[in-house]
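Dropping the structures in below, format is structure tokens.
Two complexes follow with chain A in common, the first pairing it with chain B and the second with chain C.
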Partner chain A sequence: MLRRVTAILIVVALTGWPKSEAAGSPARSSETPSAEQGAAAEPLVIVVNRSNPIDDLSMAELRRIFLGSRSHWANGRRITLVMRDPGEPERKTILRDVCGMNEDQLKNHFIHGLFTGEILLSPKILSTPAGVRKFIFNVPGAIGYLRASDLDNSIKVVRIDELLPDDRGYKLRVQSQAGN
Partner chain B sequence: MAERMDLSKTLLRIRGFGDISLHGDTQKGDTTSFSLGQLDLFVTSDVSDKFRFLSEIVFEGGPDNIYGATSGQTNSFSVDVERYLLQYSHNDYFNLSAGRGHTAIGYYNTAYHHSTWLQTTTGRPFLFEFEDRGGILPIHTVGVTASGAIPSGGLGLHYVAEVGNGRASRTPLVEEPVQNEIDDQNHKAFNLAVFARPESITGLQTGFSIYRDLLAPVNTPRIGETILAAHAVLIRPKYEWLNEALLDRHAVNGTTSVFNTPGFYTQVSKQFGDYRPYLRYQYVNVANNEPIFSDVALQHGPSLGLRFDASESVALKLQYDYTFLRSQPGVNALNLQIGFTF
Partner chain C sequence: MTKRLKFAFNRRQPYLVPFLDRFLAAASRHNATVLLFLVCCGVTVIGAIVISDLKAANSEAQKAYSGSVHGLQQIGELQYETQETRRATLYALTTSDSNLQVEYADQSRNADQRVKDGIAEYGSQAKRPEESELACRLARDWNNYLGVRDEVLASILEGSTKEAVSLDLSGGVPAFERVRQDLNEVKRLYGEDAARSQANLVASARRSTWRLVGMHSFTLLISGAAVWAIERSRMLSAIQLAKLQMEFVASVSHELRTPLAVLSSAADNIADGLVVGKSALRKYGAILQHQSRSMGQLVDEILLFASTEDGTSNYKLQPLQVSTIIESIVIETEGLVSRAGFALDLQIDPNLPPVLVDVSGVSQCLYNLISNAVKYGGDNRRIALRAFTAPSGQGSGKDVRISVVDRGIGIDSSEIHRIFDPFYRSPRVNVAQIHGTGLGLSLAKRIAESMGGKISVLSELSVGSTFTLHLQIAKGEDAQTAEAPPRSAASPHS
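This part shows the complex of A and B:
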């Protein structure tokens, strides 16, 4: 009996989890956005300080950074995470497509991580694109996100999976109703 | 150049955790009672870009229970500094901390500390009970810990290496089991843990640890303690499945006597909206003539419960436990708990 229950649990764990519940992983697939999504969706750009030598991040690395499990850049500088206010479409895009979590789950994740000591720092919350630009310009280890239309030359754009925001197949796009 | 102190960044941040319970069971001598749980103040401060301070200051009621020996007054509160760590973070591959923390034995002990709100269930598994609540493991260590990632690509390997005072063994049982100031011997306890968080399976962590110490009870030969632990856990926001197994081995020096204490637990839960039903089965089996913790004996049984998140910061839990005991009647217990963070 115990063997049968164990076998069922293993099978369910490895194969049977509904995709929509895999909130620990990004909800959207890695395919390009559909035509109707693409038409309404503006690229969401990952930005860092201009002094940061990083040029390219994989989606998996980006996820580790936004969940606080990677805390340092390769040069040893501590990563400072910049997030927009809860409810902003840009933030919803990051939560859905990078973190694979909703607001409550992200909050619990950070409380838990800070409590265990695995996460060193809570994200810095900023309410405007101008605030994000200014903060990242001033803080060498900072990383954040902006709509492509909010970019300027004071900060540096990072490729995601070797793609720039204008490239076909770029995954991060702000939906007009980025749901959670 | 030495790092400069930025006074605007060294502010203390305090988060609190607490719980209040109504508990009743069929154990002879127990009464149904409302209980104040641990009031836990989690205090952190960024001392500089590389250094950070972390502590947990816990106010808790009731007498201590150390290997079955009780001390202290019922209904009085005392203060314990449960964690007290200065952490140095060099990069993702090398972090160092000094002070008092939770020993990296298995998974539960470093994933959950002194807050019930963060835990799905109303309490910790028997195996990971605190030393002053009848627990058998060296839950806390005072010493130095190195930890970090191991370059391993998508495998996500990490290590933890610890050296510390270990658990008190020479002093009477009713005294503080965590050696905060003075070790009762020169020998130090060592612990090494390695775990993997593979990128391909989100939420999966598997790992093992080995802990080694030398205990020196009064009027008996020294006892070598080796604790082997392994775990496989799958944690995603909507479900969790925790599995841990452990072997605590006591070998009496100069004899062939070896006492093996096996233990395990498995716990599964799934979120349905604000509700999370859960099930845990746990087991620990201590030989009657075990030289260090003979009072524990055999304990095993299921726990069944429901957690309801009444708000983002408040959780209500109802848990039923049945515990089989060696040579004694089994114990039924019901616990209603409200856990919160503030």
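This part shows the complex of A and C:
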């Protein structure tokens, strides 16, 4: 019990949910995606380690992964979730389009999950796109997200619902004004 | 065998020694500095060889030194970078901040890339199969360690610290230990290489030392030989001079003895009362007068030579007409020429400029040349005396030349360079019993040079000789010419 409480406190400390966003701002999942998918929206790409055999994920699977419900890959590797700092547009996009939650809801979800043992590992928080890239490069079971412009060959892009970021109908797109 | 060698030596010696003596005599004539010059050349060549040898040794030492430094640096860098790879990996354990952990992972990967580059460089520089094999083994062991390192890093980044430590202890430490042993092996091989280079350097230094000793000894040897040769040439010169002086003394004694004998017998006849009558007394008086004058002239010549021995000029130069000189010398030598049954042909160019001479010196000089022509004029009893101007050979100037030409026995070309040496007398004239002191030409040459002129000679054996006195032209139109005194006053002003 004590270990679980400690783990939750660590998660809170590491994720550092900002008070301003925790102040009951509503999740924007109710907003229509088409309203944000303007011509200036940049695709948000889901990336994994190059040694990971996975190539394609459904949006539902992605949601389970990002909510910690799925803890291992098919090859038995533990899934390590990589997130950006709270408040970053990319994180907001994932919260809105994948998790369907706001920061408070996500925080509560992980605290609850870690407390009950349903979630084994809290997400790793990286400050920069380069940090995300390097982390995923070093950890075979890591999964994270990056803007398409931050991609390089050290990591692998995963199709979502069989769509690549450049494909028509790709849902994950990040806008600089997202969530604000 | 020994007898044969001795015989051969004895046979060769009579040829070798005179040859050496002739060579040294020639060297001493032209100056002993020739030998010194040869020694200097030899020493310079040897010095150049020694310097070249030292430079080569120095280059070898520098090469060995730079090789040592580079090798040590390479090994040091490899060791440092392997440690850095491991250190950065383990540092990632010390923090739970993913950003810092990624940074440490990055550092570790950069360091491991430098290690890979270092191993590749070592492999490319490997000279021996042993080294190539070691480079391959090191690369393999390093890759094995990197495999474990990647697992450890992944565990650390995942947050599984315990798993990371366990992996490192079970796989990382042994793998890294193998790498460390490989590096020690590299160090050992490098040490062997360095020891070999050092041994080569020591051997090279020893060779250089022996070469230096050898060359130094050789230099000493040739220097000693040169000193010996110079001393021997000096000794030969001294012997030659002494011999010439002895010959001179003998010659002078002979020259004095003839008139003395005549004087003595004439005096005896007069004392014994054998000379009776006025005419007989007059005849004896003339004989005594002539012989005593001959003796006086000989003594004068010797004294004159002795006075010019130091080479300093005591002559008073003044402008003089050539015709005056010619007239004077014709009168002076008239008796000498006619007594010997010779005829003197004068060929004097008109309008010759006055010359700058010492009156008594030029008379003495020409007297000696005419006297020589009479002595060695042979059966064709004609002597030509020519005076003319010719280019002096120095710039555009001219000089006046007075030539004494005879059709006598001539001079051998091998002797012509020696005829102006004091006391020198040709063996041919000695054989022909032509009397003389060997001072006449030497004296004439000295006098000519003292007056700023010179004497040249052209001669052909059995055809005749032409001795030419070169005289400076007096400058200045208002130069007053002096009268030529009789030759009896010919002596340097002192």
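Throughout what follows, the second predicted complex is superposed on the first by the 143 of 180 C-alpha atoms of A that agree within 3 Å, B and C clash if a C-alpha of one lies under 4 Å from a C-alpha of the other, contacts with A are read in each partner's own complex, and residues count from 1 in each chain.
The working rule: a residue touches a chain if its C-beta (ideal position, glycine included) is under 8 Å from a C-beta of that chain, and two chains touch if they have at least 3 such contacts.
Keep in mind that what you see is a predicted model, and the values were worked out from it rather than measured.
Asker: May I ask you to decide whether A:L121 touches chain B, chain C, both, or neither, giving the answer as first, second, both or neither?
Answerer: Once the two structures are laid over each other on A, A:L121 reaches both partners.
Asker: Counting only touches as set out at the top, which of chain B and chain C does A:P140 meet: first, second, both, neither?
Answerer: Second partner only, chain C.
Asker: Taking the superposition on A as described, I'd like to know which of chain B and chain C A:H72 touches: first, second, both or neither.
Answerer: A:H72: touches chain B, not chain C.
Asker: May I ask you to decide whether A:G131 touches chain B, chain C, both, or neither, giving the answer as first, second, both or neither?
Answerer: Once the two structures are laid over each other on A, A:G131 reaches chain C alone.
Asker: Between chain B and chain C, which makes contact with more of the residues in chain A?
Answerer: After superposition, B is the partner touching more of chain A.
Asker: Where on chain A do the contacts from chain B and from chain C line up?
Answerer: Of chain A, residues 78, 121 contact chain B in one complex and chain C in the other.
Asker: Help me check something: in the complex, which residues belonging to chain A touch chain C?
Answerer: Counting only chain A, the residues touching chain C are 10, 14, 78, 80, 82, 121, 124-128, 131, 134-135, 138-142.
Asker: Report the residues of chain C in contact with chain A in the complex, numbered from low to high.
Answerer: Its residues touching chain A are 96, 98-99, 101-102, 105-106, 150, 153-154, 157-159.
Asker: Where on chain A is chain B touching in the complex?
Answerer: Within the complex, chain A touches chain B at residues 9, 13, 17, 21-25, 60, 69-72, 76, 78, 100-102, 104-105, 107-109, 111-112, 114-117, 120-121.
Asker: Applying the document's contact rule, which stretches of chain B touch chain A when the two form their complex?
Answerer: Interface residues on the chain B side: 15, 42, 44, 46, 49-50, 52, 54, 85, 87, 89-92, 97, 101, 110-111, 113, 115, 118, 154, 197, 199, 202-203, 234-239, 241, 268, 312, 341.
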